[in-house]
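Just so it is clear, A, B and C label the chains in written order, and each chain counts residues from 1 on its own.
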Amino acid sequence: MRNIRLMAASLAAIALVATACGDSDDNPAVGGGQSNTPAETRPTFEAGTTMANLQNKGKIVVGVKFDQPGLGQKNPITNKVEGFDVEVAKQIALGIFGGSINDIESKIEFRESITANREVFIENGTVDMVVATYTINDARKQRIDFAGPYYVAGQDIMVKANDNSIRGVNDLAGKKTCSVRNSTPAANIKRLVPTADLTEFDQYSDCVQALRDNRVTSVTTDNSILLGFVAASPTEFKIVGNKFTEEPYGIGVRKGDDAFRTFINDRLEAIYANGEWAKLFQATLGTLGIPTPAPPRVDRYVSGSAPAPTTTTTTARP
Amino acid sequence: MDVITENLDVFAEGMRRTVELSVLSFILAFALGVVLAGLRVSPVPPLRWASATFVELVRNTPLLVLMFIVVFAFPSIGFTWSYFLSAVIVLAAYTATFVGETVRSGINSVSKGQVEAARALGLTFPQVLRLVVMPQALRTVVGPLGGIFIALLKNSGVAVAINVNELTSAAAFLGTETAQFIPAFLGAAAAYLMLTIPSGFATNWLEQKVAIKR
Amino acid sequence: MTAPFLGDALGPRGRRQTRILTVISAVVILGLVVVALMRLADKGQLDEAKWEPFTQWPVQRFFLEGIRTTVEVSLVSMVGAMALATFLALARLARTGALRWATTLFVEFFRGLPLVLLIFFCALGLPAYGVRLSVFWYVAIGLIVYNGCVLGEIFRAGILSLDRGQTEAAYSLGMGYWQAMFLVIIPQAARRMIPAIVSQLVTLLKDSSLGAAVAFEEALRRARINGEFFQNPLQSLFVVAVLYIVVNFALSMLARRLEVRQRRRYKAGAIVVPGAGMDLALMGAQGESAEIADDDTAT
């Protein structure tokens, strides 16, 4: 039975080739901009705080997106995640572990966070924090806490470059639009324009493809995300340019962990002040053509003070 | 368990979609499967080859990949079907490959003597197929076909990925909305079982009814 | 296969018709392929830019590692499923009614559900209830439970398909139930089930792609990430589809050869599991000599 042996051998060979091809680390952080900031000293933290625990563990697990250009996107060539969210996460990690930007990667494990389980992962400790286009809202504050915001996006609409019929959110009435399943933008559309015909996919590039194929006439989500797609295909798409909501991106941490939240907020303010934030923005979202805004004020609210939302459609998440 | 009781309408709607999806796909799959089986035994080489290639390509590709291909790649070839129709077509094509193999086995199980006798009586090939072979073959494959239908009911859940709001998508939606995953899951599970178990009984009953009494 | 058509060789008119149809069908098929390619080219899907990334080794490796993850989770799940299946099969054949009932309920419950629902529950629901694992294990658990039930039925059918004479001979030699089971029945049944197991591995490989919907970085998810990055979703899908087809086809062929060899060596037919439908890839792997056995091992 030469044939069977041959087949089994070739299958084994395929498996070996795939395995032998160097095991690139799973999700190490990418070496961000050519930052020349000197190595940071490793601070000491009060025992028992999250920061001290992380120092002892030697690593931090961060939930990010893997498919959002400019914010959190995995680069198949380097097999690393890149983007503004990623860079902000690295800065926070630097504040915990010290060291330089180049070797901070070894201390971060990036996990792909999907809409549905961000709160759950924070609650049960699967991730230490989430930096994934995570909009701050009261409903989420019931379950977790936010540091930041570190960027304020707004929901906007993307259409085909030659389509002038849609100028604002109200023009979506009765038209086909697309967003990501169970996301804040999707919930907003259902609330603001109930007559819109909403298609929901698992990722934004599916919406973009649907727009390309004329299955829908527009895609709606945060303008930062849309700009990424427009930048990739400037002749095909354009943004209507009328943001109709405010989407403050925050860093999700466990509810009640005030020490960690304060630390992160302090760190954010530090990188606002020393220009690092602006530099990182330019290196990531800036390359998509977004002008660098002023950094937003961090919100040091008291945990547990957020009112419970009264509307019924707000447990959605991007 | 209020998640279930408060959202019976969501489950009901999902169930309806699932049934629609499955029944339409099955009808299409059956037709396509019989055609595939027929082409496989055709004396015309290109047809045989086309059928065999189609079966191998479709059967060795994951259903999810097929769904994405039809929804995202086919528009470039000129076919922009609605999401529901895309799901029906993909499920039908995938299921047809199994139906085809089953029907072929069924045809092979009809003894040669039948065909020879039919030919001796002067029947043409299409008549032989239609009047002698197929009736006998189809009665033998009722059981496996029932099993294939049940599998199709379950596979229809994959359509959640291409924006078809059937049962699995209802469960995922309710689960994430309310963070009560067990009730949502059990609700959907119960709904699926309400579809698959009766189908199993129906298949057995049908099988008994048409069994060839030897 | 210049087959006799339905048992009868074709006469001169039939041969002529066949020749004409051959030419016509070949032309039509080629024509369709060409039209499809032209349309793709029109939409720019055949542009160099969209295909160029795949010539780069890092991208190739990205995909290959995706396939490796797919294979890993499939193999792990296969082992787990076989363990579970053995337990379930034996439990269902047990003499204790309670165990039999409980197992039957368990198996029929999970076999009546879509795997995709189960995987969603494992990846979204389990974390919500405090179970902390990597996505790999969430997906693996879903695959193990589901395929364990399916395989359990195969194992049971395999055990039952053995000649009664074996069991009787074992008992007459003074073996107890478990002795007979482990020394005589299971080894023989296991041998017969190897083609089914290899086939089921193909199904597992395909099912693992469902992990893409819950952020598991296997082959399909990687293809989608790649498509997002390089703006070439179609091409990435195409490439990963080809990879799946190649791997699965090879495994299917292996399964078929194993089954043919087993048929010759053991004079044992394929194991037919009633009601398994498409869960069993074996349904199609039976090749030309398949027969539908009117099996009465149905419960």
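Note that in this section contacts are C-beta pairs under 8 Å (C-beta built on N, C-alpha and C of every residue); 3 or more make two chains touch, one makes a residue touch a chain.
These numbers come from a predicted model, not from an experiment.
Looking at A-C and A-B, the interface holding more C-beta pairs in contact is that of A-C. Nearest to the global CA centroid, when each chain is reduced to the mean of its CA atoms, is chain C.
Seen from the C-alpha centroid of chain C, the farthest chain centroid is that of A. Here the spacing of chain B and chain C, counted between their Cα centres, is 16 Å. One inter-chain figure worth recording: chain A and chain C are separated by 36 Å, centre to centre, where each centre is the mean of the chain's CA atoms.
Taking each chain's centre as the average of its CA atoms, chain A and chain B sit 39 Å apart. Counting partners per residue, chain C has 124, 128, 213, 224, 233 as the residues that reach two or more other chains. Each of the following residues of chain A touches two or more other chains: 116, 120, 202, 209.
Taken residue by residue, chain B touches two or more other chains at 72, 76, 161, 172, 175-176, 179, whereas all remaining positions touch fewer.
Here chain A touches chain C in the complex through residues 1, 3-4, 7-8, 10-11, 14-15, 17-19, 21-24, 26, 66-67, 69, 73-79, 111-114, 116-117, 120-121, 123-126, 202-203, 205, 209, 232-233, going by the rule given at the top. Contact residues on chain B toward chain C in their complex (touch as defined above): 41-48, 50, 55-57, 59-65, 68-69, 72-73, 76-78, 95, 97-98, 101-102, 104-106, 108-109, 112, 115-116, 119, 125, 128-129, 133, 140-141, 143-144, 146-158, 160-161, 167-168, 171-172, 175-176, 179, 181-182, 184-185, 188-189, 192-193, 196-197, 200, 203-204, 211.
For chain C in complex with chain B, the residues that touch the partner chain are 1-3, 5-8, 10, 14, 18, 21-22, 25-26, 29, 36, 39-40, 43, 45, 108-109, 112-117, 120-121, 124-125, 128-129, 202, 205-207, 209-210, 212-213, 220, 224, 233-234, 237-238, 240-241, 244-245, 248-249, 252, 274-279, 281, 283-284, 286, 288-292, 294, 298. Residues of chain A touching chain B in their complex: 115-116, 119-120, 181-182, 199-202, 206, 209, 212-215, 315-317. Chain C makes touch with chain A in their complex at residues 53, 56, 58-59, 61-62, 64-65, 67-68, 71, 123-124, 127-128, 130-132, 135, 213-215, 217, 222, 224-231, 233, 247, 250-251, 253-254, 257-258, 261.
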